[in-house]
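Each of the next two complexes has chain A plus one more chain, namely chain B in the first and chain C in the second.
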Partner chain A sequence: MIAKVLGRHPVGLILSAPYAVYLAVIFAYPLGFAVWMSFHDYFFAAPGAIVDHPFIGLDNYRAVLGDPGVHQAFRNIVVFLVINVPLTTGLALLLAVTLNRVVHARTFLRVAFYVPYVTASVAVVGVWMFLFNSGGLVNSALGPLAPDPSWLINEHLAMPVIAVFVTWKQLGFFILLYLAALQNVPTELYESASVDGANAWHRFWSVTVPAVRPATALVVILALITGANLFTEPYLLTGGGGPNGASASPVLVMYQRGIQQGEPDFAAALGVLLVLGVLIVAYLNRRLIERD
Partner chain B sequence: MKVLRYVVLFAGALLFLFPFYYMLIGSLQSEPDTSVAGAFPTGGLTLHNYADINSRVDLIGSLINSGIFTGGVLLGTVVFGVLAGYALARLRFRGRGTLFMLVLLVQVIPFQLLLIPLYVLIVRGYGLADSYLGMILPFAINTTAVFIFRQFFLQLPDDLFAAARLDGAGEVRVLWSVALPLVRPALLTAVLLTFIGPWNEFLWPFLVTKEAGMQPLAVSLANYISTVSARAANPFGAILAGACVLAAPAVGLFIAFQRQFVSTDLGSGVKG
Partner chain C sequence: MKRTLPAAFLTLTLLAAGCDGSGGGDATKANAAAGPITVWLSNNQEELAWGKAMVEAWNTAHADQKITAQEIPAGKSSEEVIGAAITAGNAPCLIFNTAPAAIPQFQKQGGLVALDSFDGATQYIADRTGGTAEQYKSPDGKFYQLPWKSNPVMIFYNKDIFAKAGANPAIKTYDDFLAAARAIKAKNAAPFAIYPSPAGEFFQSWFDFYPLFAAETDGKQLVQDGKAQFNSPEGQKVAAFWKTLYDEGLAAKEQYNGDSFADKKAAMAIVGPWAIAVYGDKVKWGAVPVPTSTGKPAEQIKTFSDAKNVAMYSACQNRATAWEVMKFATSKEQDGELLAKTGQMPLRTDLAAAYPDYFAKNPEYKQFADQAARTVEVPNVPNSVAIWQAFRDAYSASVIFGKKPVADSFDAAAQKVDQLASGS
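Right after this comes the complex of A and B.
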C-alpha cells in the first residue's frame, strides 16, 4: 500500500527533499513572483510598511517596449551576438578538431585554452582595460593605426571589444563540448570519405560539421544565453555601458532601473521579455540547425 | 600539415595566455609601461602594487569572505546534491520523474529572470543583505553537480546495490559505504566545477553586499576598479595585483586537477 502511494523506496523522498525545497524556494517561487511583479505596480517600501501593489495590466510592458534605453540595449546585444556566436562556434570547432588530432603537448594546449574560462571576469577585465585603454599596449603596438577615440570609449568599437572578450573567455568551455562530440564521430566515416578522394578540408565540411551538429545547436544556445546574461563586462570594462549606452546590455539596464532607480516592476517585465526573446531565438535555432 | 597544426595551436595558445602573462607583469611594475618593449621587462620588478591594493581593499578579509561564500555553496552542493543525485539515480519514489524534469529545466532558466525577484525576496524581504546566507542561498545546491552525481550513480552496476540490500543494509548505509566510495572522481569533478561558480561570481554578491567588510574579493576588486582607482598613483598596477590574487586560487586548482576536467565528464554534465 505504502509502496503504491510513495513508490518502492519512500526514503528517496526524504533524500531528495532538501533539493526539492531549494528548487521551490529559489527557482519556482521567484519565477512566479517575477511574472506577478511585471503585471503590478511594485516598488520598494520601508521595512514593515504594508502597501498596495495594484494590478496594472500591461503598463510595465508598455513602458519597457517604449524605452529608448531598452531599445539600445537590445540593439547592442544583436551586435554582440552577430560577432560572438559565429566567432565562438567557428573557432571552437576548428580548435577542437585540431586539438583532437595532436599527440604532443596536449595538456599544455588544453590548459592554455581553458584557463580564461575558469578565471573570474572581474580579474581578466582588469587586464583587458589595461590592454585596450587609450595609452595601452594594443594602441602602442598599432601606432598610427590606433582607433580614435580609443576602443573602450568608441561607440562603434566598445561592443565588438566586449564580444571578442567574451569569445576569448568562454571558448575553452565550447572547445570541451566539441571535443566530447568528436569522440562520437565514427572513424569509418572519415575512411570512406578518404576512399572517395576527399581532401582534409572536404572531410571537415562533409563529415565533421554534420556529425557535430547537435553539439553546434547546444553551443549556439549556450552562447546566446551568455550574451543575454551579459553584465560584468559592460559594467566594468566600459564603465557602465558607455560610451552613451553604446555597450549597455539588457541585464545592466535591469540593474540600473530595477535596483538603482527602484523600479523592480519595470525590471521584472524587462526580464520576462528578455527570457521570451531567448526562448524564441533558441527555438528558431533548433529548427534551423537540427532540421533533418 | 602536421607542423602547421602545431604552429596554429601554439600561436593560439600563446595569444590566449598573453593576457595572463601581462596581468602578472603589470602587477609587478612600479610604473605602468605600455610600450611593446614594456611587456618584456628586464628588471625593476617590485611587489609594491600588492601592498598598494592591500591598503585600499582588505585582501585577507575579502579572500576569507570569498572562501566562506564558496565553501557554503560547496557544502550545500556536496551534501544535498549527492543525496538528490543518489535518489534520482537509484531509488524509485513518487515524484522522481517530475524532479528530474526540473533538474533539466533549471539548467536552461537564465539567472537574469530571477535576479529582481531574488533581490526583492532575499535582500528586502528576509533582510539577508550583507550576510553570508544571503550570498549563498541562490547557489546553495548546484544543479549541474546534481546532474553529474546522478550520471555517476547510474553507471554503477545494479548487482552491487542488490547485494548490499540483501545483506540488510539500509539505503543511507548503501549510499555511504557502497556508492559514495565508488564515485569519488565524480565528486572531485563536481567540486571543481562548483568552485569556479561562486568564487568568480560578481553580480549576485555585488547586489547583496554593500558593506565593504562583507564583500568577496570579486566584488571589492570591482568596486575598486569602478570607483577608487582614479585616485591611486599606479591604478593599473594595483588593479592587476588584485586581479592576480583573485585569479590565482581558481587557476591553481584548475591546473592541479586539470585531468578532472576531461571532456566526457563535463560533456555528460551539460549534454542532458
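Right after this comes the complex of A and C.
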C-alpha cells in the first residue's frame, strides 16, 4: 500500500520536496490566489480589518475587457513583441554563430554582450534617454533626419525604441543559449555539407538552423514571456507608458490599477488574461517551431 | 493520486485565500496603552535631522515609552511601501510623511486610526491648524491624519536667465507669464521657460495644472461635493494656458533626468520652499505666486499645499503613547525646529507671527509663510488616486500632447471622476 502511494522510489519524493515546496509557495499559491481574487471584489486590507470580499463572477473580467487603457496596452505589447521577438531570435543566432567561430578575444566579446543583461535597467535607461532624447546623440547624428516629435515622445516610435532597447539588453543571455546549442552540432554535418558543395550560407541555413531548432523554440518562448511581462522600461524610459499611453504595457496597467489605485481584483483579472494569452501564443509557437 | 494531490493543494490554497485573517484587535485597549512605539520618517536629509532630534528629545524624557525611528523603507513610492506594510500588519505606529492623497485608500484598507478617538484631538487639530484643517477630514467626518506641514508651491524664477532675456519677473497674469516665456525662448536664454514633468504619473498634475486651478478658482479642489470641477470655464482657462506653453515649445514634452531648474534647463519651476536648500548657491532665484488669468493680487492667490501629514496606523499597540508623540512632534517648539531645519511650513495658524525671529533671519521664507495660509489640498474622496490618474490621462492627451480637444477630454474625464468619487 505504501509503495503504491509513494511510488517505487520514495526517496525521490524527499529529494524533490524542497523544489516542490518552493514552486508551491512562490508560484502555485500566488497564481491560485490571483485567480481567486479575479472573481471577487477584493482589496488589500489590514490583518485586523473586517472586510467583505463577495464573489462577483466575471465583473472584473468585463471591466478589464471594456477598459480602453487595457486595449491600448495590449495593442502596444503586440507591437513590442512583433519587433522584439524576431529581432532577438535573429540577432542572437547570428551573433552566436559568429562568436562561435571567433578565435581571438572570444571571452571578452562574450562578456561584452552579456554585460547589458546583468546590468540593472535603472542604470542603463539613463544612457538610452541620453541617446534618444530630443537633443541626444542619435538626433545629433541624424541632424535634419531626426524624427519630430523625438523618439521617446513620438507615439509611433516610443514602443519600437523600447523593443530595440530590450533586445539589446537581453541579447547576451540568448546568445549564451545559442552558443550552448551550437556546441552540440556535429562538425561532421558541416564537413558533409561542404563535400556536397554547400557554401557558407547553405551550411548555415541547412545545418545550423535545423540543428538549433530546440534552442530557437526556447529563445522564442522566453523572449515572448519576458516581453509580455514588460514593465520597467515603459515605467522608466517613457515616464509611465507615455507619450499619452503609447508605450503602456499590460503589466504597467496592472501596477497602476492594482498597487497605485488599490484595485488588485482588476489587476488580477488582467493578469489571468495575460497568462492565458501568453500560454496560447506559446502553444502556437511550439506547434510552429518544434514541428518535424 | 497524482491528480488528487494538486487538487487538494489548490483547494487549500483557495481556502487560505478566502480567509482575510480578520482577527480584530481590541482598539479601545490599544488606544489606552502606553509603551514603546516605532515611527517612520521621510528620507529627506533635513527632515531626518529634525526627526532624529525630536526622537532624542522625547526619549530623554520618556524612558518607559521610547521611540524607535527609521526611514521609510525604500520602494517605488512611500505610499506603496506603506500600503504593503498595512496589508502585512507591520506598519509602524506613526509615519511622518503620509500623503493626503493616499489617506482614502489607507482608510479603506483599515490601516488607519481615527484620531477623534483620543480626548481633545479634534480641538487640538482645530487650535493648531485652524480652518485649513477641514480639508483633511475624511468623508465620515473624522480625522485619520494630523495636518503637519505644507510646501505651498510658487513660481521660482532664475534671475540671471530673466536678465539675459530682458524678461519681466513681475508675473501676475497668464499674458505676463507667456511674454516672459517667449522672451526667454527668443533670446535663447534657457532651453525652456518652464519644465514641469510631462510624465503620466497620477501626482504630476499637482505641479502644473492644480496650483493654477486653485488660484484661478479662489481655492476649489479638483472634486467638490462629489463632482469634478476641472471641466469648468476656469479649468479650461488654465488648460489653455498650459497648452499654449506646450504648443509653442516653451515647456518640454520630454522627461528630464534631474532638476531642470537647478541645472538651468528651465528659467522657471513650480515648487515649494523645501527646494530653497536644494538650490543653495547654484541658482540666483526669486519667487512669485502662481499667475491667474486676471492677475489677482498676491494676497488673494491660493495654491496647492504639497502637504505631508502624520497618521497613526492600526497595527500600533501603544496608541496612547503614539498620540502623545503626535502632539509633542507638532508642538510649537518642535514646529519651530522643523521650520528651522527644513524650511517647510508647519500647518499652524499665523505662522509668521508664531516664529518672528526665524522669518526676520530668513526673509526669503516669509512669502511662503504668507502663502501657507492660502493653500488647497487634494480632495479627500474615495478612489483619490484613480481620480488623479483619470485626470492626468485626460490632461496628457489634450494639453501636453494635443491628441484630443481639451473640452472633450476634460468632459469625458469628469464623467469618470464623478463615478469614481461616488465610490463605485
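Quick notes on this one:
Here is the rule we go by: the second predicted complex is superposed on the first by the 263 of 292 C-alpha atoms of A that agree within 3 Å, B and C clash if a C-alpha of one lies under 4 Å from a C-alpha of the other, contacts with A are read in each partner's own complex, and residues count from 1 in each chain.
Note that a residue touches a chain if its C-beta (ideal position, glycine included) is under 8 Å from a C-beta of that chain, and two chains touch if they have at least 3 such contacts.
All values reported here derive from a predicted model rather than from experimental measurement.
Once both complexes are superposed on chain A, the partners chain B and chain C clash. Of the two partner chains, chain B is the only one that A:180 touches; chain C does not reach it. By the document's definition of touching, neither partner reaches A:190: not chain B, not chain C. Once chain A of one complex is fitted onto chain A of the other, the partner contacts of A:33 extend to both chain B and chain C. Contacts of A:101 after superposition on the shared chain: chain B is touched, whereas chain C is not.
In the superposition on chain A, A:267 makes contact with chain B only, while chain C stays out of contact range. Measured by the number of chain A residues touched, the leading partner among chain B and chain C is B. Contacts of A:15 after superposition on the shared chain: chain B is touched, whereas chain C is not.
Of the two partner chains, chain B and chain C are each touched by A:44. In the superposed pair of complexes, A:80 makes contact with neither chain B nor chain C. When the two complexes are overlaid on their common chain A, residue A:256 makes contact with chain C while staying clear of chain B.
Among 79-87, 133-141, 169-177 or 205-213, the region of chain B with C-alpha atoms clashing against chain C is 205-213. Comparing the two interfaces of chain A, the one with chain B and the one with chain C have residues 5, 29, 33, 37, 44, 47, 126, 129, 135, 239-240, 259 in common. Of all the residues in chain B, the ones that touch chain A in their complex are 1, 5-6, 8-10, 12-14, 16-17, 19-20, 22-23, 26, 32, 34-36, 38-39, 80-81, 83-84, 86-88, 91-96, 99, 102, 106, 108-121, 124, 127, 137-138, 140-141, 146, 170-172, 175, 196, 199-200, 202-203, 207, 218-219, 221-222, 225-226, 236, 239-240, 242-244, 246-247, 250-251, 254-255, 258, 261, 263-264, 266-268, 270-271.
Contact residues of chain A toward chain B in the complex are 5-13, 15-16, 18-20, 22-23, 26-27, 29-31, 33-34, 37, 42, 44, 47, 95, 98-99, 101-102, 104-105, 107-116, 118-131, 135-137, 139-141, 168, 171, 176-177, 179-181, 183, 200, 218, 222, 225, 228-229, 231-232, 235-236, 239-240, 250-251, 254-255, 258-259, 264, 267-268, 271-272, 274-275, 278. Put simply, chain C touches chain A in their complex at residues 1, 9-10, 13-14, 16-18, 20-25, 79-80, 83-84, 86-89, 91, 105, 108-111, 191, 197-202, 253-255, 257, 314-315, 383, 385-386, 389, 393, 396-397, 400-401, 403. Interface of chain A with chain C (complex): residues 5, 24, 28-29, 32-33, 36-37, 43-51, 53, 69, 126, 129, 133-135, 149-150, 152-153, 155, 238-245, 256, 259-263.
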